[in-house]
Structure formats: structure tokens, C-alpha cells
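To keep things clear, I will list the structure first and then write my remarks on it.
As written, the chains take the letters A, B, C, D and E, and residue 1 is the first residue of each chain.
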Amino acid sequence: MARIGVFVCWCGSNIAETVEVSKVAEVSKSIPGVVYSVDYKYMCSDPGQELVKNAIKEYKLTGVVVASCSPRMHEKTFRKAALEAGLNPYMLEMANIREQCSWVHNNMDEGTQKSIDLVRMMVEKVKRNKPLDDISIPVTKKAMVIGGGVTGIQAALDIASGGIPVVLVEKESSIGGKMSALDETFPTLDCSQCILTPKMVEVAQHPLVQIISYAEIEKLEGFVGNFKATIRKKARYVDVDACTGCGTCWQKCPVKVDSEFEQGLGKRKAIFIPFPQAIPSRPRIDAENCLKLTKDRCGICEKVCPTKAIHYDDKDEFMEVEVGAIVVATGYKIMPVSAFPEYGGGQYPDVVTSLQFERMVCASGPTLGDLKRPSDGKLPETVVFVKCVGSRDPEHYHSYCSKICCMYVAKQTMLYRHKVHHGNCYVFYIDVRSNGKNYEEFVRRAQEQEGAQYIRGRVSSIYKDGDDMVVEGADTLTNSQIKVKCDLVVLATAMEAPDGIKQLAQKLGIGYDQHGFLTEAHPKLRPVETATAGIFLAGCALSPRDIPDSVSEGSAAAAKVLGLLSKDTLDKEGVVAIVNELTCVGCQNCIRVCPYNAIELKDICNRQGELQRQVAHVNPGLCTGCGTCTPSCPSRSIELQGFRDTELYAEINALAEL
Amino acid sequence: MLIKIGREVNLLAFSKKLEKETGTDVRKCYQCGKCTAGCPMNFEMDVSPSQVIRFCQLGMEEKVLNSRTIWYCIFCDTCSTRCPQGVDIKGVMDGLRRMAVARNIKPKSNVRFLEKAFQSIIYLFGRVYEPGMVGMYNLRSGNFLHDVGYFPLMLRKRKISLKPHFKRTREVRQVMKRAQKMKLRKAKELEEAK
Amino acid sequence: MQELVKKAKELIESKEVDLLIGYQSDGEKGAKPLFVKNTQQAEKLIFNQYCLNNLVTYLKRPDVKALKKVAVVAKGCDIRSFVMLLSENQVSRDAIFIIGMTCDHVVSPDGTGENEKCTTCKVHNPHLADVVLGAPVPEKIAKDKPVHYAQLEKLNAMSQEERWAFWQEELSRCIRCYACRQACPLCYCERCIVDFNTPQWIDTRSNPRGNFAWNIVRALHLAGRCINCGECERVCPANIPLMLLNQSLQEEAQEKFAWEAGYDPESQPPLTTFRKEDDEDFIR
Amino acid sequence: MKYGYYPGCSAKSTAPELDATTLALIDFLHLDIKELKDWVCCGASSMHSVDKVLHTALSVMTLDAANAEERDIMVQCPACLAHVLEAKEVLSKDSELKSDVLEAVGKQVDANMKIRHFSSILHDEYGLDKIREKVTNPLQSLSIASYYGCLIVRPPERMQYDDPENPMVMDQLMSTCGAEIVQWPFKTKCCGAGTAISDTDVSLDLTYEILRMAKNNGAECICVLCPLCQNNLDLRQKKIEQRYGEKLNLPVLYYTQLLGLAFGLDPIMLQLNRLFVDPFPLLKRKGIL
Amino acid sequence: MSENWEPKIITFVCNWCTYAGADLAGTSRFKYASNIRIIKTPCSGRIDPMFIVSAFEKGADAVLISGCHPGDCHYNEGNYNARRKFTMMKRLLDTLGVDTRRVVFAWCSASEGIKFSRLVNEVTESIKKLGPYTDYHSLNQEER
């Protein structure tokens, strides 16, 4: 027999002003099953909680209804109290008579009546509640970081310093990401490679970090604390262990193709490392351009390799790793010039992206830092920078601001003027957004001391007229059109989500927005978490960010991982779905609607091991307790604990008696 | 210039009115100036296209209706096509021009005479008849000899004929009359509503 | 007919199937199911316009399921229900041999004239079968063309009050025999929700409340799944126009989710999936 | 393919060669296209600034004419095309404007027909492959700058013609005919349109820039599809040359004329003599005539 | 209909958006009619269309169902699944002649306290005009 206690809170005058609390307590006594009821001024106070605990013991209560504030406020408090008194916490429910009653109604009679109803509903529910146990999940104390840019490197280093082993998976043949291609960085103008390469070396040498380069995530199974990732190690045609990185192969390779790292401005070989400081400093063969692999000719690299590390029959390999947590730091890509037909659509070599410009001025770039324009190698005497190209243009490209362009354009004007002291540089801008430490000062310096001329207006078109590039823009401050003849145009094109990110997100089961950026669990309070427990985000995978922000987030995600993996087991609420295998017919409805892929088919076999039938089976580790499965089940064979049909129906039924 | 915004001024009222007339919401404009940058007629304008939109945002109806700009827009649509915010600048110009016509504001360009001439020609013939139209335009604009030099040349190349062609003129006239009546009726209703 | 009998004998003789479900004649203008286990029985097999029953329904029976392989004679419309059973993991494709029959039309349940369901048929020629018998029949409706049900129009034209009165009248005759459930090829739960008593969703007595709730839940469970075979209505002893409810939801699935059941075993029934851009005009 | 041809007023007055060559091509390629009997003026570039209802109503009358003949509409003049497409848009969803327009027209008009420009029809319905087969007189070594103007590409969502910044339809037609195509930046730059009559000087600046840019990029002639563009570039070229003191001598031909040449049609039928900038010396030099 | 009849409106909400929105209406003291009784489910995906039938059987004059806006679902996509079920249920009820003005679906986020209070008031007002749902309630009385 149910023995229910009802505890009605005054919440000072918050409830008592509009609800006759004593009457609610009094009437509650008449609800079948209620053996005790009481009202008290502050039920959440220590004496209030004592009242609940004592009553549970004294009256041997099997269920408790606390009529007070929203369960969002104190459900945890009271359930803990119940537990302390020896009652299963899930046998306690709250009737929300403050937020959803006393605070929103004026009339005492109505408030009281409604409170009685709410109590009755909860009494009926709690009578049918079942004790639930929290679920304890073991944890694999290992983490995976996807993306080996500066963000991923930072995350891997921080996790490893906490004593947790890390697998760092990088899509390219070297870690380093976009930052390794930059020249100098704002607002301090320190050399990008000078600050990044030590970090790359550190992560490579860390005993707890395993770098898997030129690899991608093939599949992810499991759930928080217990992921199993399948990693595709793409065919590299070079035995990384045998290779010493001596460089003979790429020196001898006869094939020259455009270098991706040099943004198409320089050349690389068909067997190559993307840049001299690459880590691991092991080459890979580009199968599309290698003569041996495409035409079965040449084979020089194999001949010259002193350690016999070249294998033309190399295949993609798969490896499985078990990890407890994952950091996704997949970064970004920038839009190519060809995306903008009104700016020439890529037909003019002297219209370049800002990343190309970085390579053009970088001392390790294809011209070794001699600034030459791509078409004819001429020193550009006049350069125009155009901001917001593809950003802030919801009609054609992206609605968002790419955030870092304002700063790097200011930096690039300086880099330019440092190379060409007599040169003119113009910046077409709409707004200058320089909110960061020393950022505004940096932009002012570009304009006041370094000779950048800022023009407020967007550019309508860019075309070639004879030898000149012509930029047709506006100066909205003087209300006029401006045509600038120049030698080189640098477009600050938008940062975009990288290719394949949606597929990756789907494999990982995490959300992404309409732009392809990954979605955080809460934009303010859970900025590096995803809605999927155990998977964290950092850096430009979320949206455009600069280096300081990305590095901070790498550390933040690492802290989350360390927190999660500091325990041996994880506890989670017992509110999960359970299948009645006797009545389940295996129609797969629940499997299809489950947002978490937490349900799968299970074979039921007879003693001879012959398959009899198939039923649904819930993995409680993956189930988050949304209950979408329940209404999809025609035979009611899957039920969400804590919100079972009989419990909810009891609430509806409780209202019938009114 | 001083823009006074008193308590009685509702900045949004004009934007809303424009939206009703043209279907475009000028409040979306964030003044990047791309329209101005690409406008082939900007050098003839007293107020640049982006500024027209700005004045509309500020509710300065008189300023825009009395500008040269709205009469010099040639509807090439470069602005609207490139606008990052999807503001139909050309449509706004067109709408402003209709508002100015409705209020009998003196046009700042001869183009209005061309429009009038054109309307009469359609009324008469149902299809365009260039010599008549240019002639009528010249009469209205007071520029009697405009383009007359091209006449013999065009005649020689048989690019214009002296004989107008008529088509469905009765129907066209009926449609025009009905549209005119409708306009008057609506104006009256609006008046009464006030 | 000859080829049907021949094929059946072949299947039975070669022991390829344990059982063949087909039709035999039932009077001059009628047909009834025939269960063939030997070649002799196969002689009785027929197929004509009186072969109304949807024999796929028998595939959900436990005794049939227990057999290794079963052949079933099926029209295109019946095969649509087989496709749904496949998609819902209720049959194994390998365990069933489908003898698809081309079919111009069958008669209406009262035996007079063309069955209404045949006017909206898009599968006069079976779309999924191990063997197809009969001469090809020209399809009258393109696959992508939405189907409208003429009977519904009258109901839709009524006012809400009239519809209420109409159904109260019709459902008052329901005796809760559950023949509709039994005949339906897609009602295969081992425990029906109506037999569920904690909580008892549906009053099991034959009263207005229970009848109303039962028919709601029946239609709802078929939403997006019903393939318009009409068996429920045909077997209803009280002549309740049950198909009106099913067809109404078929139209809704077509209009809102661009879905028609029973054509593609690879696709998911509409209530087990969604599109982010689904219509939601009715939601405030 | 079953189209009613809507030539527009220009084709019947200032651009008779466009009309004539269009009909010649239709005949030569055996297309099921014939002129709509009852088309009326689309309201051209000015009516919409006066009276939106009347402006739309005129185009609706032409839609009605196509309905009467149960034909889709093929248009040659970009302005007419824009306006009938706009009218179709208005009729496609309920609005106050729609009901006003229908009231003015005095009858219900449906707009379910397809509306396309002739060049689009040739380009992707008739098809470049079939065109290539018909070329008997390739426009060898003739460098052609295709000039599209504004209205055919903008607004892109309405016109559905091609990339508004770098359309290729005419370029591909011309290269199919064996011509050298010139990639140049002003394909869709405005020529000044109607200002040619009301503010002639303004339009001269714009047309000069276009002609100069075409010439600098190596064009020997310009290929156009819009009667107004043709007029501004051709009729006024002499005045431009005088004003800017620069010899341009760029014949401005309709794409239909150039196609006709490549198909080996009679030059008289193609009415090349109607052009103000004489194309004959160029065409003879290239061995096309 | 008795003089002081008040509509009974049973409301099903999801825990993360609408329940929190209702809480916000409370903390903001947005007043609304006291006719609703809220039943909390974790997600609108848990709301079974049959709840509507049960609610009417138990004497409700209207049913209000609300969850997270599309894209906001705490469980990513529970509300998308719910939306399809509701679409079908609404059509079915309409076909059966149920007064669908009495079945209101809404999206209401955790920040939309004001929307929640307005929604409740609007629904209550409209149901007051419609009167008690005697048609449905009469099903309970007739027994055969």
C-alpha cells in the first residue's frame, strides 16, 4: 500500500499570499494513499528538510510530494533529503505551486484550488512511480583530439600534462594547421612559426601523446566514457617508421605541382612534406600526381630511398582506439577568390586571398619573402585590401562576421609597408572590429603610423584594365564612388567550416548549424561542450576565432576532459527507456526515432541458438531519457522510466475527479 | 544639416510605408555602400543610393522625394543584385518615384517627360511608336530638336517607320482607364480613412 | 491460370516452399483463400477479379512465420503491405516467395463493379515479386502523382458538427469484435494497446467512449503505414466506413510528408522520421 | 517545345533586324515558335515608375494572349522578358496587387506557361550540340565580346538566365559557331539604357567605357541581345568616337545575326546593312563573307 | 452550462523549454488564467497523441501542447518527431469531427515567459467563448 506524505511550502509569503497552504495540506489528507500532510514556512530550509526526513522515517512513507517551487529549483535538494532518509529519490515528486501557481494568479480561491489539483496529480503519479537506480558507467581513461592545428595541439598538451593519454588525429600529413602558414601575428607581430613550432615539437615528444597524421575518423561508436573510434589511416605510400625524413626522395622526385600549403603560389613534389618544419617530418606520396601510381613510370623515390621506406602498394588502414572523451578541433577553411564573380571569379592572378598574401610576404614562402605579384613578379606599388568578402553577406554567402579579418588586414598593411616603404595601401572596410587586448591600439597604429589608408565602403567590382587592377568601391563617408588603380588586391575572404565537417559531425552524433559550424551545448554556460556527453569542441570548428581564443578553448576543452576522466565511473540518472522483450515485435519504430541511436535490435534465440525473433534493446549509457521512443511504440513495449504511461496517465486521471 | 527627432517623430513609419509600396524593408541596410560603389549613375546623383536608403531609415521622406537621385536611377539592378542584405534598392527608387509622381513633385530629370510621352503613345497605339514618342517627349521637355539628327539616319536604315502600328488599342485603353479609376478610388479611400 | 498452377506445382514439388497461400473459387462470383501444401491442392488455384483478400495478412501469423519458406499470391496492392512488413522487420525477404499477379482491377466487396481502390492503383503490375504472372496492364496513374480519394470529399465538405454526428452514428454500431485488427496486414502487435491495462488507455466495452478511442488509436497506428487494401472495412460486420479515416491520413501523409506507403522497402515510414522543414502552420 | 514569340515593340521598330533574324533562325532550325497574335507593349522601362498596376496589367494581357494560343512564351527583348516574368510572379501568389491587376485587366488570367529568352532556348533546349552540327560557315578567328547588359541577368532570381556577374550563354553560342570569345569584365555593366534619350551625355560616358574595355581586351566586334544596348552601342558609336577622340570601329551585331552567319544564311536576310557601324569590312577580312 | 463554469485545460509541456518558460512567466509575475493544469514530460517527443483523447475523456475542455521550437530541442530532434505525430493527430481528429479549435499546439521556449502567459490567456479566452466540450464529454454518459 502506498503511504504518501504531502509537504506544502509557504515560501514565506510567496506562496502563502495567493494559496491557502493550510487548506491544501488539509485537503491533501483526503486523497487516497496520503497518510501525512503538513505545511511549513520554508520547506527548503534545514528544519523543513528535517521535517520531510523525519516524516519519511516516522510514517514509513513510500512516496513524497513536496508542493513548493519549481522542481528546477529544489528537486535535487529534496531528493537528496529523501535519500538520506532511506527513500528512493525517484519516489519524490514536486508540485510546482509557486512559479506555476501563486506567482501567476491573483485570486486566493483559484490559487488554492489549482494547488490542490497539482498536489493530487503528483500524489497519483508518485503512487505509481517505481524506485529507480542511478546508472554507473565505467570510464576509459584516454582521450582523442581531432584536428592538429594550434587548438588541437594545445588541447592535447593540456590533457597529456594531466596524465591522460591522448590520440591526436590530423587530416593532413603534418600537424600545425593554418597557423603554420601565417607570417607574423597580430597584435604583437611575433613570427607565427617561431611560436608554433616549439609547441609542435613539444606535443610530438610528449610520451602520452600519439600523433596519427594523414588520417580521418571513419566511425564512432559508444558513448561518454566508452567511445570506440575507428580511424582511417590514409595510404601514405611511405613507411613512417622506416623513413628518417632525409629528404632525398622529394629532392629527386621529377613531378612538380601546386603546393596546397603555399596556397597555389609555390610548387611541391609528388612526394613531399608540406613545409620544412612538418611534424612528423615524414613525406607522403600524392597518388593523383605520382608517375609511378598513375602511369607506372619513374619509381625514382623507391630507388633512392636509403631505408626502403617507399611502398607503392600501400592501402588505407583502419585502427580502432577506445577513448573516454573526444575534443573536436577541426578548424576552418577560407573561401577562395573564385567564389566571387564580381571580383573576377579567380580569373585575375593579382586578386589574392589574405592567406595567399601571408605566403607572399612570409620569409619561408615561395618567394622567400620578396613581395612579388603573381601575374608578372612586379613589386606591387599600390595594394588594395578588401574586407568582409563573403562575410556579412547573407544574400549571397555568409551572414556572420569572420571576426579576425579586421585585425589581420591591419597587420597585413603593416607587413606590406614594412616590405615596401613607399607603397600605398588602401583598406575598404565597413566597420573596424577590434575588440581584444591591444587590438584597437594596433589598428590605430596601422592607420596613424604605418600609412594604411582606410576607406569606408564596400567594393562593388574588381577588374583588369590594361596592366592595372581597378577596384570600384565607395566611400560612404563622403558619399562618393572611388576607383582605385592598383597592382594587387587582397581579399579578406570569409572563414568557412571545412569540407567534410557535416559528415564528421554526423559520425560523431553532434550538431552543426546552417553554416556547418559545430554547435555548442549552451552558447554561454557550456561553450566547449556538445549536446553529446563526452564530446567537446574548441577553436574555429565552432565559429571564426583568433589564435588567443582558439588556444584558450583548447585548454578549456582539455579541462573538461580531465574533469570527466578524473573519475573511474560516471553516474547518470535512472531516467532511461526500458524494453518489454515479451511484447516487443521489433518493428524498429523506436530505433528510427531515437535521436541518440541508443536503441538497437537484439536477437532472441532459443536454446539451440536459433534466431526466434528480434526485439529492441536500449543501451542505458546512451539513452538520455527523452522518451520519444514511447509514443512511437504501437504495443507500448518501450517505456521511459520516471515518465511511464501509467504515471502520466495517473496525472490526467487525477484531473477527472474535479 | 540638422536632423531633428522629436517625440512625435516615428522613424519607422516611413520604412513601413515604403515596405508596403515596394515589398522591401530598408531597415535591413547596414550601409556598406556596395550599391553606391557599383551604381553607373552615381555621378549624376545628388544623394548616393546608399544615402537614399539611409534617409529612408531616418524617415526623411521629403529629402528623398525631392532628390535628383530617384529620377536618375535607370533600374539596371546592379545594386539590388549585389546587395549583401537583400535590400531591393532599385525597387525602392521605383517606389519613391511613384510616390513623387502621386504627389506631383517636380521631377529633377527629363525622364519623366519620356514616361508621359510613352504613356500617351501606348494609349494611342497599344504598342510603342518611337518617332511619335520622341516627338512627344521633345514637346514636353521643350527640347524640340533632341535626337532629330538621328532621324534621317534611322529612316535610311529603316530602323523606324513613320507608320504607327495599332494593336488591341481598345482593350489597352480600357485597361488604362480602369487602372486610372482604381487609382483615384484608392486615393479617395485613403483620404476618407484619414 | 495455367501458369499459376504450373508455378505452384513447381514450388511445392521442388520443396522450395513449405506452404503456398493463394485463392480458390468460392461460388461463381467469389474467391477465398487456399492453402496449398501438395500438388493436388495446387490444381484448385485460381486468380480473377474476385480475388479480393489481401493474403499478405497471413504472413503475420505465428504458425506461418514458423515455416521455413512460404509462397504467397499477391496483387500489386497486396505487395504494398508486404513492403511495409519488410520495412518494419516483420518478414524476412528470403523466407517469402512472392507470386505477383498483374491485375486490372478487382470487384468491390459487394461484388458489383470495379473496386474503388483500383481507381487509385499505381501498381497494376507488381513492383516487388519473385515472379510476375499475367499480361502486363497499363498503369493509369504516374508514380509521383498524388492520389485523391473520392469518398473523402463528401466527408471533408461537411461541417465539423456534421462530421461529429456522422461518426457518432457510424461508430455506435461498433461491437468491438476487432475483425478490423485481425484482417489488417499491418496490425501485427502481439499485445495490442487495447489489451493493455496499466494504464487502460481505451475502454474495452462497446460504448461511445471506447468505440471512439479505439478507432482513433487504430487509425493512428496505421498513419503513414496503411496501404489502402480496404480489408478492415471489408470485414467489418457493422459496415463502418473505416477506410475514410485511413484515407484521410494517407492524404495527409502525401500532402505534408510527400509519402505513400508500400512502394520502397528502403524508406522509413513518415512517423519514424522527419524533415526539419516540415510544415508547421498549425503550431502557434 | 512550343513557344509563342513575343517580339516586343523594339523588334518592330528600332530593331527590325533582330525580328527578321529571329524569324529566319526559327525557320532555318524548324522550331515550333510563332509570333503571338495579340501581344501588347510590356510597359517598357518607364511605366512601372508611374503606375505599378497598369504596368503589370499590360504584361498580363500578353500572358493572356499566350494562354489563348496555348503556347509558352519566347521573348527576345530583355525588358519585355523581365516584365512578363514579373507579371507571372505577381499572378503566382495572392496579393492586393494581383487582385488590382486582374481587376484592371477585367478577367482571370493564369500564368502557368514557361517564359524563356530565345538565347536560353537555343542554348539548352535546342542545344549546343545540334547547333554545332548546323554550322557551315564557322566564324573563324573572329574575336567576339559578348555584351549582355543589365536586364537579362538581373534580378537573377527572377530572370534565371545565368550568372549575373559572368554570364556565358552567348559566349558559348558564339564559340560553338567557331568564334574566339573574349573574356572581359563589362559583360553586364549598364549601358545607360533609356537615358540615351533623356540625358544623352550621361549614357555616352557609360557606353564609351564599355566599348573601350571590349576593344582593349581584343574584341573585333560585339555581340548583343538587347535592342536598347544595341542602339546605344551602335547608333551612338560615331558620336562617342568624336567626343573622346578615339577610333573604335566595333560593329555591334545581334547574336541572331552572328548565328545566321555561321549557319550560312543570306547576309541580306540577316540585314547586316542596317547596322550603323559597318560590319562588312571586318567580316570580309575574316573570310566570313 | 452553469453560471460559473470555468474551462478545464490540460496542458502537456516539455521539461526543457516550455516548462522552463512557464517558470519564467512565474518569476516574471506575468499573470494568466488559472484554468490550466500542466503535465510535464521530458520532451515533446514523449507526448503521446492519445493523451489528447484521454484528456477529453477525463473532462478537459481543451488540450494545450507545447515544446521547444524546432532546432532548440534539448534532445536535438524529439520535437521534429513530435511535430509529425501532431500533424497526423490533428488531421485525424478533424476528420472525426472533433472540434480542433480545442487542441492547441505551440512552441514556447524557456525565454518566452510572456508568450506562455499570453498563450494561456488566449486559449482560455477562446475556450470560454466555445463553452464546455459537452459533445465529447457526453461520450462518457451514454452506455450501451
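Convention: contacts are C-beta pairs under 8 Å (C-beta built on N, C-alpha and C of every residue); 3 or more make two chains touch, one makes a residue touch a chain.
Computed from a prediction, not measured in an experiment: that's the story for all the values here.
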Listed by label, which chains are in contact with chain C and with chain E? A
What is the set of chains touching both chain C and chain D? A
Ranking A-E and A-C by C-beta pairs in contact puts on top A-E
Min distance from chain CA centroid to global CA centroid: chain A
Could you give the separation in Å between the centres of chain A and chain D, each centre being the mean of its C-alpha atoms? 51
In whole angstrom, the CA-centroid distance of chain A from chain C equals 47
Can you give the whole-Å distance between the Cα centres of chain B and chain D? 23
Note the residues in chain B that touch 2 or more other chains, in rising order. 78
Counting only residues that touch at least two other chains, what does the list for chain E look like? 49-50, 54, 57, 77, 81, 85
Show the residues in chain C shared as contacts by 2 or more other chains, in ascending order. 201, 271-273
Those chain pairs meeting the touch criterion are A-B, A-C, A-D, A-E, B-D, C-E
Chain E partner contacts - residues on chain A that touch it in the complex: 70, 72, 96, 98-101, 103-107, 110-111, 113-114, 117-118, 121, 511, 531, 575, 593, 595-596, 624-628, 630-632, 640, 643, 645, 648-649, 651-653, 655-656, 658
If we count contacts the way the header does, which residues on chain D are in touch with chain A in the complex? 163-166, 183, 185-186, 213, 216
Residue positions on chain A within touch of chain D in the complex are 341-342, 344-345, 347, 461, 463-466
Inside the complex, what are the residues of chain E that reach chain A? 8, 10, 19-20, 22-23, 25-27, 29-32, 34, 37-39, 41-43, 45-51, 54-55, 57-60, 74-78, 81-82, 85, 117
Residues on chain D engaged by chain B in the complex (per definition of touch): 9-10, 12-16, 38-41, 43-54, 57-58, 61, 100, 103-106, 150-151, 153-156, 164, 188-190, 192-195, 197-200, 202, 206, 235, 273-276
